[in-house]
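The following pair of complexes shares a single chain, chain A, combined with chain B in the former and chain C in the latter.
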Partner chain A sequence: MNLYFKYLGILFKSRMQYKASFFMQSLGHFIIAFTGFAGMYFLFDRFHAVRGYTFQNVLLCFSVVTFAFSIAECFVRGFDSFPSLIRSGELDRILIRPRSVVFQVLTSRMEFTRVGRFLTATVVFIWAIPRCGVDWTFGKVAILLLMILGGVAVFSALFMIYAGFSFFTVEGLEFMNIFTDGTKEFGRYPLSIYGKELLLFYTFLIPIAPFQYYPFLYLIGHSDRVWYGLLPLAGALFLIPAYAFFRFGLKRYVSTGS
Partner chain B sequence: MKKYISFFRIRFVAGLQYRAAAWAGVSTQFVWGFLSILLFRAFYETSPGSFPMEFSQLSGYLWLQQAFLGMFMAWFLDPEILESVTSGAIAYELCRPVNIYGMWFTKNVAIRLSRTVLRCLPILLVAAFLPSPYGLSAPAGVLSFVLFVVSMFLGTAVLTAFSMLIYVSSFHTVSSMGIRTLAVSAVEFFSGALIPIPFFPDAMKTVLNLLPFASIQSTPFLIYVGYIPPSEGIARIALQLGWFAVLSAVGVLWMRRSLRRVVVQGG
Partner chain C sequence: MIELKNVCKSFKVSKRNAGFKNAVRALFKREYEIVHALRDVSFSIGDGEMVGYIGPNGAGKSSTIKIMSGILTPDSGECVVNGRVPWRDRAEYVREIGVVFGQRSQLWWDVPVIDSFELIKDIYRVDRVTYRKNLDELTERLALSEILRTPVRQLSLGQRMRCEIAASLLYDPKILFLDEPTIGLDAVSKLAVRDFIKERHREHGTTVILTTHDMQDIEALTERVILIGKGRILSDGSFEDLLKKGKSGGTVEQTVAALYEELDI
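Now for the complex of A and B:
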C-alpha cells in the first residue's frame, strides 16, 4: 500500500510538470461533463419529468454515475489503456517484476485530469442534494457512498474486461465503449426508462442497475425495501469474473517481441 | 490540383484498411442509436405534446447521426498532423512545394470520408428496415434529398475548416490537448450532437441556428427528415457556404501569419 502511494505521488508530480496543460485538460473534462448536464437540463426544461422521475431525482443518478466513472477512470486508467502496454512491450517488463500484475498495471498510469469530471459531479450533487426530496439520514448517506463505491467497482471491472479482450485482438475493441462510455452517457437516467428488457440486461449481465437503479429507488422513496441499499455490494462481485477473465487472457499472452 | 487528389487518395485508401475496427464501430453505433431512441421515447411517452418534432423525424435524425458519425465526429483530429507539429517533422512538410492548408484539408476530408464509407451503409440499411416510427424513413421529398446531399458536403467542409483552426492553434501551444478538448466540447454541444437543436429552449435555438456549429450536422439531417422545409433549406445552405468561407479564410490567413514566425526546435 505504501508503494502504491509512492507511485501515486510520482505520477502526480510528473503530471504537474505541465501545469497549464493539466488545468486546461481538467477544465475541458469539466466542460464536457457539464454539457452533458446542460443537455439534461434543457430536456427537463421542456418535458419536466421522465416516466415519473423529476429532474432532481435524475440528478442523483447523474452524480452517482459521474462520480463513479471519474474515479474509476482516474485510478484504473492503466487497464483502460492496456492495449498500449501490450503494443509497446511494457507488459513484458511488468511480468518479470516481483509484484502482482494488477498492481503494476494500476500504477502504470493515472489520469488526474478527470478531476474535472469529478468536479462537475460535485457541483451537480451539491445543487441536487437539498432539492431531490430525500430526507438524509445516516443510513441513506451510507447507501449513497455504497452506490458510488459499487459504481467504481463495476466500471473497474469493465476496464479489466476490456484489457482482457486486448490479449486476443487489438482491433475491434470499440464495442466495449457501449458498456463504459455508454453507461456513462445513458446511466445518467434511471435505467428503467429504457424498458424492462434493458433493465434485466443491466441487472444480471452487466450489473449497472444494482448500484445505479435499485438503491436509487429506495433513496427517493419509490420503494421501501431497505435491502436495495445493499445491492451495490452484489454488483461489486462483478469484479470476480472480470478478474478471472483477465487472468485467462494473461495466461494466453504471447509477447509481441518488441 | 493533381497532387491534392493523390493526397486524398492515399489517405482514403489507408483509411479503408481498418475493416475489423469498422465492424466493431458499426455494432457500437447501432446500439448507441438504439439506446438514444429509447431515451427519447421515454420523454416522448411522458409528455408527447412537448415534443418539438415528430418522433419518426427524430429517429431519422438519430440514425443519420450514427451512420455519418465518421463524417461529423468533432473529436477526430489527424494524429499525424498534430504529431508533426510537436515532433518538428513539419519542417519537411514546409519544404514541399504544396500549400499546407490545402494538403491538410484534403487529408482530413479523405479520412472522414473513408471512415464513413465503411460504416454508413450497414447502419442505414438496418435502420431503414426498422418498424416506424423507430426507423429511418425515406427523405421528405426529392428536393429535400438533393439539398441534403449538398448540405452534407458543406457540413463536412465547415467542420474541416474548423478543425484546421485547431491545428493552426497547435503551433502556438506546447500541448494542444487543452484547446482541443475545449473546442471539441463546444462543437459537440452546439452542433446538436448531444441533443438535437430543436430540443433546445426557443431563445437559444434562434442563436444556435446562426452559429457555425449548426451548419455542421444539424442542417443536413434536419433537411433530410423534413423538419427544415426545402424553401428554408436553401437559406440554411447559403449560411453554411458563408460560414465555410469565413472559417477557411481565417484559417488560411492565420496559418500564413503563424508560418512566417514558426520556429522548428533543433533535433
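Now for the complex of A and C:
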C-alpha cells in the first residue's frame, strides 16, 4: 500500500509538470459532466417526472454513476488505456519487475484530470441529497457508499475486460466503448425506464443494476427490501470473471517484438 | 547458470495486401504466416561469463532475451536460469535479473532520475543501506551526480543510457541482460558504457549477456560470442574464431557482414 502511494506521488508529480494542461483538462471534464446534468435539468423542467421518478430521484442515480465512473477512470486508467501499454512495450517492463501485474498496471497510469467530473458529481450530490426525499439514516448512507464502491468495482471490471481483449487484437477495440462509456450514459437514469429487457441485460450480463437500480429503489422508498442495499456487493463479484479473462489474455500474450 | 535446451518459438503474423478491398476481406478471413523466430536454440552460459549475442535484425536475439527474462514463453524446449524457469515464479525470478532495453526506457519520463531510482528501490524491496551503497557506487562510476536531479526527458541519450544501466543494477542482480545498450550513442558515451560494463563484470562477477550490432562492443567486451541467424544458433565460440570463418581482410564490420551474407542470414 505504501508503494502504491509512492507510485501515486510520482505520477502526480509528473502530471504537475504540465499544470496548465492539467487545469484546462480538469475544467473540460467538469463542463462535460455538467452539461450532462444540465441536459437532465431541462428535460425535467418540461416533463417533471420520468416513469414515476422525480428529478431529485434521478440525480441520485446520476451522481452515483458519475462518481463511480470518474473514480474508476482515474485509478484504473492503466486498464482503460491498456493497448498503449502493450504497444509501447511498457507491459514487457511490467513483466520483468517483481510485483503483481495487476498492481503495476494500476500504477502505470492515473488520470487526475477526472477530478473535474468528480467535482460535478460532488456538487450534484450536495444539492440532491437533502432534496431527493430520502430519510437519511446511518444505514442508508452506508448503502449509498456501497453503491459508489460497487460501481467502481463494476467499471473497473469492464476496463479489465477491455484490457483482456487488447491481448487478442490491438485495433478495433472501439466497440468496447459501448460497454464502458455506454454503460455510464445509460446509468444516469434508473435502469427500469429503458424497459425490461435492458434491465435484465444490465442485471445479469453487465451488472450495473445491482449497484445503481435496486439499492436506489430501496433508498427512495419504492421498495422495502433491505437486502437490495447489499446488492452492490454481488455486482462487485463481476471482478472475478473479468480478472480471469484478463489472466487468460495475459497468458496468451505474445510480445510485439522490437 | 543459464541453460537453454531446444527452445522453439514461432509467431503468427497476419498478412494482407494493400488496398481497401483487401482490408475489408481481412476483416472476415485473416491470413496468417507462421514466423519461426527460434528453432532449436540451445546454449549454456556459466556464472560470471560475459557473452555477446549477435546476428542480423530479426534473427531472434530479442526473442531469446525475452524468453530468458520471462516475458515470453517458448513453444517448446527448456530454459532454466539459476535453477528457475523464468516464466514460472516470475516475481521471484526477476528479482535476480537486470534488463536494459536500449530502445526503451524504464525511467519515469517527467520526474528527476533520482525519483525513479527511489521507486525502483521500493519495487525491489532494497533496504536503505544497500541502496545507499549501490547508489553511491553507481553515481561515482557512471558520473551521475550532475544529472540525478534532472528530469529524464531533458537528458541526452548518452546520459539517459547511463541512468538506465544504473537503474537495473540498484538491486544487485546476478545476471544483466543488455539489449543493444550502445544504440545511437556518440563515441564518448559508448566508451563510457563499455568501460563501465567491463568494470562491473570484473568487480562484481555479474553474468552479462549483451546483444548488439556494434562489433566494437563485442571486440571490447566479450570473449565468447554466440551467433544467431534465422532463429538458429550458427556458431558459439571466441570472436576471433568467428572472424576466421569469414573472408579475411577489411574491417571487423566488413568481415561480419560478409559472414552474414555467406551464411545467408
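Basically, the second predicted complex is superposed on the first by the 258 of 258 C-alpha atoms of A that agree within 3 Å, B and C clash if a C-alpha of one lies under 4 Å from a C-alpha of the other, contacts with A are read in each partner's own complex, and residues count from 1 in each chain.
Rule of thumb we're sticking to: a residue touches a chain if its C-beta (ideal position, glycine included) is under 8 Å from a C-beta of that chain, and two chains touch if they have at least 3 such contacts.
This one's a predicted model, so the numbers in the text were calculated from it and none came from an experiment.
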Joint occupancy of chain A by chain B and chain C, clash or fit: fit
Partner chain(s) touched by A:P130 [first = chain B, second = chain C, both, neither]: neither
Per-residue contact with chain A, leading partner among chain C and chain B: B
First, second, both or neither for A:F186, with chain B first and chain C second: first
Partner chain in contact with A:Y7 - chain B first, chain C second, else both or neither: second
Angle at the Cα centre of chain A, taken between the Cα centres of chain B and chain C once the superposition is applied, in steps of 10 degrees: 90
Touched partner set for A:H48, first chain B, second chain C, both or neither: first
Touching partner for A:A38 - first (chain B), second (chain C), both, neither: first
Contacts of A:D92 with chain B and chain C, given as first, second, both or neither: second
Least Cα gap, in Å, left between chain B and chain C after the two complexes are fitted on chain A: 5
Interfacial residue positions of chain B with respect to chain A in the complex: 18, 20-21, 23-25, 27-28, 31-32, 35, 38-39, 42-43, 45-47, 50, 52, 174-175, 177-182, 185-186, 188-189, 194-195, 199-201, 204
Chain C to chain A touching residues, read off their complex: 11-12, 37, 62-63, 66, 69-72, 90-92, 94-95, 97, 99, 101, 103-104, 106, 108-111, 115-116, 118-119, 122-125, 151, 179
Of chain A, residues touching chain B in the complex: 18, 20-21, 23-25, 27-29, 31-32, 35-36, 38-39, 42-43, 45-51, 169, 171-175, 177-178, 182, 186, 189, 193-195, 198
Of chain A, residues touching chain C in the complex: 2-3, 6-7, 10, 13-15, 17, 88-89, 92-93, 95-100, 254-255, 257-258
